[in-house]
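Sharing a structure with you now.
Chain lettering (A, B, C, D, E and F) follows the sequence in which the chains are written, and residue indices restart at 1 in each chain.
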Amino acid sequence: MTRADGRAADELRKVKITRNYLKYAEGSVLVEFGDTKVICAATVEEKVPPFLKGSGEGWVSAEYSLMPRSTQSRNVREAARGKLTGRTHEIQRLIGRALRSVIDLKALGEKTIWLDCDVLQADGGTRTAAITGSFVALVDAVNSIWGENSKPFPIKDFLAAVSVGILPNGVYLDLCYSEDSNAVVDMNLVMTGSGQFVEVQGTGEKGTFTQEELNAMLSVGREGIEILLDIQKETLGQLAWKVGREG
Amino acid sequence: MTRADGRAADELRKVKITRNYLKYAEGSVLVEFGDTKVICAATVEEKVPPFLKGSGEGWVSAEYSLMPRSTQSRNVREAARGKLTGRTHEIQRLIGRALRSVIDLKALGEKTIWLDCDVLQADGGTRTAAITGSFVALVDAVNSIWGENSKPFPIKDFLAAVSVGILPNGVYLDLCYSEDSNAVVDMNLVMTGSGQFVEVQGTGEKGTFTQEELNAMLSVGREGIEILLDIQKETLGQLAWKVGREG
Amino acid sequence: MTRADGRAADELRKVKITRNYLKYAEGSVLVEFGDTKVICAATVEEKVPPFLKGSGEGWVSAEYSLMPRSTQSRNVREAARGKLTGRTHEIQRLIGRALRSVIDLKALGEKTIWLDCDVLQADGGTRTAAITGSFVALVDAVNSIWGENSKPFPIKDFLAAVSVGILPNGVYLDLCYSEDSNAVVDMNLVMTGSGQFVEVQGTGEKGTFTQEELNAMLSVGREGIEILLDIQKETLGQLAWKVGREG
Amino acid sequence: MTRADGRAADELRKVKITRNYLKYAEGSVLVEFGDTKVICAATVEEKVPPFLKGSGEGWVSAEYSLMPRSTQSRNVREAARGKLTGRTHEIQRLIGRALRSVIDLKALGEKTIWLDCDVLQADGGTRTAAITGSFVALVDAVNSIWGENSKPFPIKDFLAAVSVGILPNGVYLDLCYSEDSNAVVDMNLVMTGSGQFVEVQGTGEKGTFTQEELNAMLSVGREGIEILLDIQKETLGQLAWKVGREG
Amino acid sequence: MTRADGRAADELRKVKITRNYLKYAEGSVLVEFGDTKVICAATVEEKVPPFLKGSGEGWVSAEYSLMPRSTQSRNVREAARGKLTGRTHEIQRLIGRALRSVIDLKALGEKTIWLDCDVLQADGGTRTAAITGSFVALVDAVNSIWGENSKPFPIKDFLAAVSVGILPNGVYLDLCYSEDSNAVVDMNLVMTGSGQFVEVQGTGEKGTFTQEELNAMLSVGREGIEILLDIQKETLGQLAWKVGREG
Amino acid sequence: MTRADGRAADELRKVKITRNYLKYAEGSVLVEFGDTKVICAATVEEKVPPFLKGSGEGWVSAEYSLMPRSTQSRNVREAARGKLTGRTHEIQRLIGRALRSVIDLKALGEKTIWLDCDVLQADGGTRTAAITGSFVALVDAVNSIWGENSKPFPIKDFLAAVSVGILPNGVYLDLCYSEDSNAVVDMNLVMTGSGQFVEVQGTGEKGTFTQEELNAMLSVGREGIEILLDIQKETLGQLAWKVGREG
């Protein structure tokens, strides 16, 4: 069960999160899961979507885009087509939903935080990298407006995501593109710092899976998430202490 | 743990599948999960998407739409907006993917089967009703072109879907709209006739969930799926025997 | 001059109007002209188009859509194309205009009533069925907001529509699809309960027509309209008395 | 019954058709009905819409557009909105349908003739001016490809269109914009050189109309059409003899 | 160095500007540079784009469109495509920018003046004709709202534009379409009445150019501009005195 | 005449071009002009636009996009709006045109080379940085398909671009965003390795300029271009020798 890049089946690729990657954004990171590279930029906007106007609550929303040559063959820009693909819709809804699960939107107040996830290079796992990186950018952005405020920090817990898949010869963590193409079952897992599930999305387009296989994927995924959480904490340094702080 | 409509927590709503609901389609059903009503129409088209041309393989694709007054307040037509919402994209991708998991696309040959799922009334669970009903329409459509062909019937297994959710006071099967609005966790489960998972999509936007809660949802969902499979078989009558037939 | 379905030349198909077809709409019917089946849903919205803001007047607007397998071969969804066809524009403008001719928009006040006409099955005459059915849904919707109000009911007269055509061998009422395809001249007629014309649209794409032929079509059409008006009245029962009531 | 511009009730505005208005088009006119001015340009294209490929038949199609300051207040370009209005769709379908009624599409062969109707100034009756002018441009365009061909000229008859309306004080021919705004009933009439009807479109949005009123409108309209036909013939000069020529 | 139409290399085509070409617009001209014909209509709108709301300043914006048969082969309407081409964007941005350079937007106050440039016939130089003609329409439109106001007239200087090109055998002024197609370098020059440059756009797609060639083009262009300015002044008559008037 | 960052008026910002920035593209660079950072990715596609099919000639085309937080306040994605802005159209047309001026499209053969310019950070001069960087990516992409081919290398000359502007107190090279916002005149200059002009685009929206000022801008710009050409050559190393090689 050796992999193309020599990793063990339950081993993550080299993960790196570079903070303050962009000059203007309130929070921004370059997140790398091996050759997968995503810029996550967080913007604080002083308004909310229409359904929240006057509610006192805030919102977190994500947008996702593949750069044309992030992929092996050039993909046509969605701006040139004039509309988003279904895949993009699905991914950006997932990212937004995941991040909203760990933020206290009432405490945030009537603000929207946008997470722009632009994929420079796509070698599998772009959505899980985007969630993992966006969490760090979100912490920075919230911190930029929270400052020395004595109220509890509105981000209640850590959040990371990883992919797991069943290939013909076993369960593998953090699939790269060539593995993903051969996966019989593909799972994306989003979990919090306290070990709760936020999203469990297992899909068997090329095959189906049993309860046992599901459990095996969850178990391997959980281990990967724990390592990602450690990397986030290290990256955030002192700021990590604010997450989940009761005030 | 009594519900608004008197059901038990692990009880499905009244499910009804009416075959041959439309005059022109190769397969069509009206599927009802309580007040949720969806028309599923299957069309056989003698061509395939560009990426399959010349491959000898077929395809199954789904489209989903809410009629404007399927919902409590009128929703604006996507045709009037000029584009699909992210929710529609997500649902129709799910339906297509789920159906493809039980059909032998090579055996089908270079044909596309379209499943049009139009929601007349939306009282929660439209996507699971759409998958469950579309499966029946798909069997009819494939049968219409397969006839007395002695080759194995290309639909390899049954397929049904159900929703399960965690509400503040427990785990519930087949949520209606008012329950769905209060759910802390929402899961959609797609399974085959042989008890394998095809899709497990658990989402905790208003909260998170533990491994134990995940297992409870899977267990309740599995029971619901078994009943749906029985209803499909009864609805299909003699035709049910063709599904998974080895030839 | 016998027809495929055995009807006389001046005979309508079997017409059926089922009220309260949908659970949520303020008014809704399933209208059937033979195999042509259209759902007409009326929605009351507490706002008006920009050009009426502050005028004190209301508006009635219609939208029309063919479900993909309402037709013999699947028609591509307008939502997927991203725009409405010219035919759809033309039909929904006709429906709205026709309904506005019998409602007192000043008495209605600053409200919009939307009529959503979704064609389940299209066997010719969908626009005339849609007008005839929408009228009933409109009465129900207006009644739902008018209640026991002592002011004159704002719907001033009945309204129905029928198609007539010239085929190579004569003038026929209420054409089904196969007849419509062979028609030399096609006319749609909208009339009120008091026998006035609202719309006369005669089109001779495959031929032209004389004054005498025009008169023959109007005469046959008028008879058909009278029967449709009777069916509407019977369907509405007691409520029929409110239409045109002076208060 | 005097009118703002001193015309009699059954009198046309000053009508002028200038041929060869544009340098590049195969046929082109500037048609003026009083202050209403429309450029009609005919283009011969050596292909047909998909539904006619290989049929040996041709097609005639029209496009219609208001220039932004053809109207009293500036109207937003449809190109800027990104889509056509319903009104534009309705008018361009009418123009195309009307022209197709007098051309032998089989004789034309697999060609499309486009009629581009661009309104420079809109003072009522743009669609009837467009049909009347487009007919002349169509004759020129067909002539440009027919030359001295001895086969029957494919344009079988003349074609003109006029509007008639019922105002509070009577029936009027060829309404200008201010009259049109006050019309209770508005009718557009398209007729052939031999006095047959092609389109009768009577609409009573602000009121309804009786059989007698319909007859009065048809009678006044017919007289107007006859004058328009004379103007077309005079404009075409020698070429007028080719229309309807049996070969 | 004789040209197809007998002009000298540094000679303009016959230029004609007809004022008050349209009935409804606040200012309108038909501008002709030889066979190139453009309608320029100026509209005064009592609002400004969002970024100027409350600023007290006005705006000038242009839209440009080729009529389908302004060109040798029919060009598809941008309204039918649903979007503007890059060429259109580029040209209308240029026209707006050029006109804004000679108007005192603060003095104008919170108004937008739209310049609609619709090309009837395109024989090269449509953008320079559009700028030259729009200037005259702009003066008329501003005059229509300025009246006998004693404040300085907000148009500060004259403005005209011309094209110059390098063909294989020399530098030519005001290229017609056939010359433009063979040009190695194409330059558009916009200048004020006082001889200042507003835009210098030299492009060498089929070749490159030296400093000397640039100077030669600027010199020939400047002479052409001077003649255009004279024609504008003559066309405006008395009104020409208001331009640049200090009050 | 000192600048915010201490540069001299005729001094470029720190320029850096990093080759092979992306894993999959045939050529790719990260180009930095100070804080302006643009990824330029070159893709070789084995087909040409319709107007070149069968011509034996190739094409070079560019697309340009600002990432949402490349700018001080977040800009809405063009994919979300569904269309490109005029500014984007203008810039990507400029980039494509400029690159085509130095490539022998016949020698290239029926291939398209796409240049995708994605702006990570926008601090003024993104279009000139994009042209300068794209040239290097283009050389790499052409080299990847040319290999040891003995035919003349199809890139005939070097190409670089720079901005120059007139501020209230003088002429400045390579404006950063804050300078650009205050510029009275803005010029973009594209030149070849042999000192020829490809594009001269001088625009005076906030003012106008004289011949002397134009000359001063061209002179300062030319010096900047020379330094950029040196940086390109150094970056390309050995490969620089192929450019303009006669075979």
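Heads up, the rule we're going with is that a residue touches a chain if its C-beta (ideal position, glycine included) is under 8 Å from a C-beta of that chain, and two chains touch if they have at least 3 such contacts.
Note that the structure is predicted; figures quoted are calculated from it, not measured.
*Asks:* Could you tell me which chain lies farthest from chain D when each chain's centre is the average position of its Cα atoms?
*Replies:* In terms of C-alpha centroids, the chain at the greatest distance from chain D is A.
*Asks:* Using only the C-alpha atoms, find the rotation that maps chain C onto chain D and quote its angle between 0 and 180 degrees, to the nearest 5.
*Replies:* Chain C sits rotated relative to chain D by 180 degrees.
*Asks:* Between chain A and chain F, two touching copies, which fits better, same or different residues at the interface, with half of the numbers shared as the threshold?
*Replies:* same
*Asks:* List the centre-to-centre spacing of chain D and chain E in whole Å, with centres computed as mean CA coordinates.
*Replies:* 34
*Asks:* Determine the centre-to-centre distance between chain B and chain E, using the mean Cα coordinates as centres, and give it in whole Å.
*Replies:* 60
*Asks:* Can you work out the whole-Å distance between the CA centroids of chain A and chain E?
*Replies:* 51
*Asks:* Pull out every residue in chain A that's touching 2 or more other chains.
*Replies:* Residues 82-84.
*Asks:* What topology does the chain contact graph adopt: line, ring, star, complete, or other?
*Replies:* ring
*Asks:* Starting at chain E, then chain F, how do the chains run round the ring?
*Replies:* E, F, A, B, C, D
*Asks:* Enumerate the contact residues on chain F facing chain A in the complex.
*Replies:* Within the complex, chain F touches chain A at residues 22-25, 28, 35, 39, 41, 43, 45, 63, 65, 67-72, 74, 77-84, 88, 114, 116, 118, 120-121, 123.
*Asks:* Could you list, by residue number, the parts of chain A that touch chain B in their complex?
*Replies:* 83-87, 89-90, 92-93, 97, 100-101, 192, 196-205, 207-211, 214, 218
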